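This report concerns only the one structure given below.
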Amino acid sequence: MTELLLILVPLAAAAVAVLWPYDRTRPWFLPATGLAHVLLAFGLMLRPPEAPFHAWFGYDPLARAVLPAVSLLFLGCAAYGVPYLRLRAERSNRVFVAGFLAALGLMSAAHMARHLGLLWIATEAVTLSSVPLLHFNNTPRAFEATWKYLLVGGTGIALSLLGSFCLGYASLQGGGTGDLTFTALMAQGTGLSRPWVLIAWVLLLVGYGTKMGLAPMHTWKPDAYGEAPGIVGAMLAGGVTTVAFTALLRVRGVVDAAGAGAVASRTLLVIGLFSTLVAALFLLSTRDFKRMLAYSSVEHMGILSLGAALGGAGLWAAFFHVWNNSMTKGALFLSAGNIRRAAGGRTIDEVSGMAILTPHSAAVFVAGLFAVTACPPFGPFFSELLMVKSAFAAGHGWAAAFFLGCLLLAFFGLTRVVFAIVYGRPRQLAREMDPRFRETLAVIVPPLGLLLLTLWLGVATPDALRAAWTAAVRQLTPTP
Amino acid sequence: MNSIIAFPARLAVWLLLAPLLPGIINKVKAWVAGRRGPPVLQLYYDLARLWRKGVVVSTLASPGFIAGPAVAWVAVLAAALLLPLGPLGASLSFRGDVILLLYLLALARFCTAWAALETGSAFEGMGAAREVSFAVLAEAAVVTAVLTLSLQSRSVSLSAMLVPAAGSGTLLLAVGLFTVLLAENCRVPFDDPNTHLELTMIHEVMVLDHSGPPLAAVLHGAAMKLLLFSVLLVQAVLPVGKLPPAAGAGALVAGVLVVTVAVGLVESLMARVAFRRVPLLLTTAFLLCVFALLIAWKGGAA
Amino acid sequence: MNDLLNLLIGLAMGLNLVALGTSRLPSLIRIAALQGMVLGIMPLVMEHELRVMLLAVAVATVSMKGLVIPALLRRAMRTANIDRDLDPLIGFLPSLLLGAAGMIGAVVLARRLPLRPEHHESLLVAGALASVLAGLLLLIGRSKAISQVCGYLILENGIYLFGLLLIHSTPLLVEGGILLDLTVAVFVIGIIVDRIQRAFDSLDTRKLTVLRE
Amino acid sequence: MTMGQLMALAILVLVAATLSGPRLPRVWLALTLAGTAALLGAALWALGGSAVWDWRSGFAVGGERLHFRLDAVSAWFLTLVAIVGGAGAVYTREYWPDHERPESAGRGRAWWSALVLCMGLVLQCANGLHFLMAWEAFALSAFFLITLERDRRETRAAGWLYLAASHAGTLGLFAFFSLLAARTGSWDLGPMKDHPELAPLFWVALFGFGVKAGLFPLHIWLPSAHANAPSQVSAIMSGVAIKMGLYGLVRFSGWLPLPAGAGWAVLALGAVSAVLGAAFTLAQSDLKRLLAYCSVENMGVILIGLGVGLLGAANGDTTWGRVAMAGALLHVWNHGLFKSLLFLAAGSVLHATGTREMSRLGGLWRAMPWTAGLFGFGAVAISALPPLNGFVSEWLVYLGLFDAAAGHVPVAVAIVPAAIALGVTGALALAAFVKAAAMVFLGAARTQNAAHAHECGWWMRAPMLTLAAACVGLALAPVVVWPFLRQPLGAWNPAWRGGEPPAPLAALGALQAALAALVAAAAGALWLRARANGLRRALTWDCGYAAPTTRMQYTSGSFAALAVGWFAWALRPERWLRWPRGPFPSRADHVERIPETVLERAIGPVSEVVMAASAWMRRRQQGRLPDYIFYLVAGLAAVGALVVFGGM
């Protein structure tokens, strides 16, 4: 029963925030709710309920393995949100705070959904609730980004709905009762009608892949991340993508049980490597450092689906990487937000020498860069190394080599942009930088904290997490 | 032969007999040209006079300008002492002494070039540049020759190496080494020791600024180097070590004389080749040594 | 019974082609609305006895798809006083041909796929696939924002059609949630279109290309 | 106090030093010296007796228990790290002080001790995961040291190139270690000669470590990085850091089973690096760039030794292999010492004149006699001339080659060309260093700042003198080094655990000492004689030309022109010539540049292709929504096709 609080607490907070009359104090709902949610998520992870609370909803091992990461990320963003919204005092933050809180609740719902239909509903709801966050800046650019986010994402999500129907029909066709909970579907196993399962897999992979931002369905990502405020970008990159990834994993479990696991792995492998390559190529020549983060996110989604394709140890590494990706992206987006605000520019043609103007944010940004490019001792190093290892162990030597090549290209692109904006001499634009912005502790601690979390995850991965990931892997791999 | 007398004897040979060779060469050239030419002992007179003369040092030069010739002289002498001298044998012989010999000569080259560059004179810079550059090709030839010898004798110490195997290989080796000798000692056709056109010279132009005792050291060192190479060449070709002492000594002396005369004849019958052609010549020498090496190898394999 | 259903589906499929062929924005909106209404009444046709929930769903669908959203779009169109011709990226004739080909393909595919006996005769699968294809074709082939919304509507209609296959099995709670989500989605899109039209003075998505590499 | 406690102490002290670096220069210096001293102690301990420090932690880092292992091979390299690390730290105090570099001095100190620490850890990690961690940390701290002067554009460019190349190597090591772990089932490292299936991994390691070691085709990052880094950094990079790549090769060629071609490949790579490295060295006109290329050459020499060692080990643990391997290991020390010395001297020149361009220097010996003398010493040593230490190690390598050739071994096909290549390399290096020393210190000053140079102080002189003293020690008493040298030799190949020196090191040492004495005596005698005869100063006798100007001197370009011409096929020199025309020619000029051949002629075109692909991608994403939907549909179709047809 307490599991439901994970969903209800944020939603309730959102409701209260809508009614709350004071703009100055409303932002404090964010960290408060975030803290409560973190406590709930970790408490329930450490002391899980023996049985999922309901066939349709439950904090099952998979949710336990992923949701706490999102919750931590949310806490970081929420802590940053308070000073951020104070800077944006010129406009009401009612919708923003409410939407942000609602998004958290719906994300929890999506992670905990154990029913095909509910999963889709929650995912779609997350998409919609993040719309007002996206165009918070109210600029034409922001609206254009929102428009693309809505239509590309909408088309994708529509396809995934069609896929869900197909999977449902597969179960009907296979003589199922039409019970669309994943447990039931997995139980039906090879009883599902294969052609429908395959069609469903294609549609769902493309649909949820669009939400994840796998190439070539990634096109909305740079626009959305580039225009959204830093905290929203962080939440999209570390939270919403995770929702879609979890959804894909749940579906993959069913497809695996239906005996089409090989097909699923093959498609995931190809699309993952393709995304990594596309992201690397874009990174090589992008000039806008927020869009750069978007492409880096595309790259990491590719890495995740590669891990999912490998299964077993690779899947374990993928869960590890979900955590690392969330924390690292959070640190990067928040520090990039500081830099963006201080520099008053977004491309390497306008921005440089930030190490002098905003030394701390720049330091966090550079450290985050090394974290996201899998340099030790940060977490991604370990997860990606494990992934490469399991790829070699699974006999995908060429895939691993290709993957490493893409990582190298991505490294070139990322370092090029980051050093260009961090080092060198400050530009003119930065002279008339936002006068209200100062590198206070409030805007440094959240990204720094997330960065330290990445470090901690890598160097001393808690056994509780390892156990959670192992349990999730066990849940997803059908036991013959 | 016990070393109490052998060592002074060797020292005497290297120090005292070396200056004879340039004299002989000049005599031969004069004879071919139908002149009387300078006396055979001319270099001894020059050395004696130079040793008494005062020294003019460039205002730019550091103490290295004096030290250079001294070090080079010591290096050549040391190299010479490593080389077995027919029946007199070598003063010191150990595995790999041949490499030490090569590198002592390199040390001499380094110091000569260093001293030449002390003065900041364009001409001496030119000479030094040519010396060190041509040495690259010469080094290749020398190393190949030495490798040939060690392949023949299956050993890496000079005293054991200098036992030539009769055959076509020896001839090639002889020609190769002779060419290297001409190059290393800056004789025609690589260089003309007694032209006065600085632009065309290598060794002579490097010592333009030396005078007095340092110059004496340079000249004596050059003479010793010439003797060293001819002794090496002779012993690489003739089985001097195997003969009884007297015969050996005779063979060695005769051989050195032949080499010297040959140098003289080459100088009088050939002209300096253009600098563009020098590398070609050295490469030819290198290739000769390579062929000799291949032959020696097959011989060893059989 | 089934014939009536198939008749409606055939009507919807015909509307797809008309939508692809029309060259005027208002008529496109009208077509999308009409298709929405047709779909809205289908559940009533399929069900034997009328349940309240079912009725509510049907009414909601019809009113939303048939009235509210088209009204929203018309308003946006009027305020954004843009010319009513939708200049195509893919010409009308090509899109018509493609749509027809897609329809035939859909029918063929529907025949090849394993279906439950009670669906053997119905055109549901074919109609769904055809509408989805038509919707995608409009999304790709028309440049005006509103026309793309219409394309999206038709795409969703196709999915809705497919959903009818499961109407017996899936609990209405889920159905209702899905419908709600879809309608809200389209509603939000409508709002954004409205906002954009304030931000930009046109709804031609070819002008919405500030964000680019 | 055990070796382990000593190591732990060293690590802790160095961590403390890193923390104290930014704020407290004096404390930092003391701590760094203490830490390096402890490292040195531990290393010599390990080398003295054949003791091996092997320690596993109770706790796990990154999911693996720490496993430190200090055996003779590690200790051999650790010694170098300690010595150069300490010397450089002292040098920094005067060369990179706070009052001259307020912005970067603190960072420089911290990263310096971090670098020393990380290299020490790399040498001890016996667990693949932690090896990679230490390796990357070492690479990153080196990067931050190179870019200390980050407001200079070319420094940033050089730093980025270094980082990019280094990361490429690191990803190679990613593959290497994960393959190792995937095949052995554990990250733990150690002797694995009994897993023949691991042999092919050597090629991956060769790439990964070869990049760091700067072997010829992989050296692209090295020249610019070493040239643009602060000189003490260049010293430790060139003297020690690149040896880490070599350590990797030695370490894993000793632990892993090797493919048949390993020895041949290493030998060939070494010969190419040696000859071409030397050619590039001669061609450079930037003092530090010249020194940098010389590192490529010396790595080649070491690799020749290693290759002969591998061949020897593969052909029945022959003595010749043992000699050459000993030479290679000894050359690691020697090159580390005199290359650092040379870079520190170059730094003092840079400090005094503000330029590295040799054609802007000249005649510095008068202003900076100490630097001149030390650089000359280093030049003789690095040209491998007797009686200094460079010769001892190269002599051992030669001896291995000659022994093999004389023994008519089956692999002589590889041995003989290598020997000739080594000879050519020696001659080229000699030419290069005559040029370097002469152009910088001899002749007349070519520019004003060269004329107004000043000698460096004792804080910079002392480390150089220390390094020079170490060189002298190694030169005159090589036989004393043998007891240490045989430990890594035995650790690398147990069959070579023999006691007796493989070569007459004693005789060589005696000869070198005698030669040194003789040289000194002769120089002194000649000097006295000249004084006695009367020594007069006069203008250079430029063949009678009475008014020589400094512009008339031979420049580095003209000095090298001849040999560069012969190697034009590799160096690809770019010339711009304007001949003097007419009876009174107004102007004529001749510009010559030696490009980074591999970088500009090989890497450049490839990267252009990649960038073209990237540009093509960007053109596909121009913000038009219909296109995006089309991509989505295309993706759908592609996945569908993959599902349908992928199976067959």
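A, B, C and D are the chain letters, set down in written order, and residue numbers restart from 1 in every chain.
Note that contacts are C-beta pairs under 8 Å (C-beta built on N, C-alpha and C of every residue); 3 or more make two chains touch, one makes a residue touch a chain.
Every value quoted in this text rests on a predicted model; they were computed, and no experiment measured them.
Asker: With chain centres set to the mean of the C-alpha atoms, which chain is at the far end from chain C?
Answerer: Between chain C and every other chain, the largest centroid distance is to B.
Asker: When you take the mean of every protein CA atom shown, which chain's own CA mean is nearest to it?
Answerer: D
Asker: Any chance you could check whether A-C or A-D wins on number of contacting C-beta pairs?
Answerer: A-D
Asker: Indicate the whole-number Å distance between the mean C-alpha point of chain B and the mean C-alpha point of chain C.
Answerer: The mean C-alpha positions of chain B and chain C differ by 98 Å.
Asker: As a quick test, compute the distance in whole Å between the mean CA positions of chain A and chain C.
Answerer: About 31 Å, centre to centre.
Asker: Quick one: chain A and chain D, Cα centre-to-centre, how many Å?
Answerer: Chain centroid spacing, chain A to chain D, equals 44 Å.
Asker: Take the average of all CA coordinates in chain A, do the same for chain B, and state the distance between these two points in whole angstrom.
Answerer: Measuring from centre to centre gives 78 Å for this pair.
Asker: Considering chain A alone, which of its residues make contact with at least two other chains?
Answerer: Answer for chain A, listing residues that touch two or more other chains: 144, 147-148, 151, 155, 222-223, 282, 286.
Asker: Which positions in chain C touch two or more other chains at once?
Answerer: Within chain C, residues 136, 139, 148, 205, 208, 210-211, 213 contact more than one other chain.
Asker: With touch defined as at the top, which chains are paired up in contact here?
Answerer: A-C, A-D, B-D, C-D
Asker: Looking at the complex, which residues from chain A come into contact with chain C?
Answerer: Touching chain C from chain A are residues 115, 117-118, 120-121, 124-125, 127-128, 131, 135, 139-141, 143-148, 150-151, 154-155, 157-158, 161-162, 165-166, 168-169, 172-173, 177-178, 180, 193, 195-196, 222-223, 226-227, 282, 286, 291.
Asker: In their complex, what parts of chain C are in touch with chain D?
Answerer: Residues in contact with chain D: 89, 136, 139-143, 148, 205-206, 208-213.
Asker: Okay, in this complex, where on chain A does chain D touch?
Answerer: 144, 147-148, 151-152, 155-156, 159, 198, 201-203, 205-206, 209-210, 215-217, 219-220, 222-223, 262-263, 266-267, 270-271, 278, 281-282, 284-286, 355, 370, 373, 375-377, 381-382, 385, 388-390, 392-393, 400-401, 404, 407-409, 411-412, 415-416, 419, 423-425, 458-461, 466
Asker: For chain D, which residues count as touching chain A in their complex?
Answerer: Within the complex, chain D touches chain A at residues 60-63, 129, 132-133, 136-137, 140, 147, 150-151, 153, 156, 160, 163-164, 167-168, 171, 174-175, 177-179, 181-183, 610-611, 613-615, 617-618, 621, 623, 625, 627-629, 631-632, 634-636, 639-640, 642-644, 646-647.
Asker: For the complex, give me every residue of chain C touching chain A.
Answerer: 113-116, 128, 132, 136, 139, 145, 148, 152, 155-156, 158-159, 162-163, 165-166, 168-170, 174, 177-178, 181-182, 184-185, 188-189, 192-193, 195-196, 199-200, 205, 208, 210-211, 213
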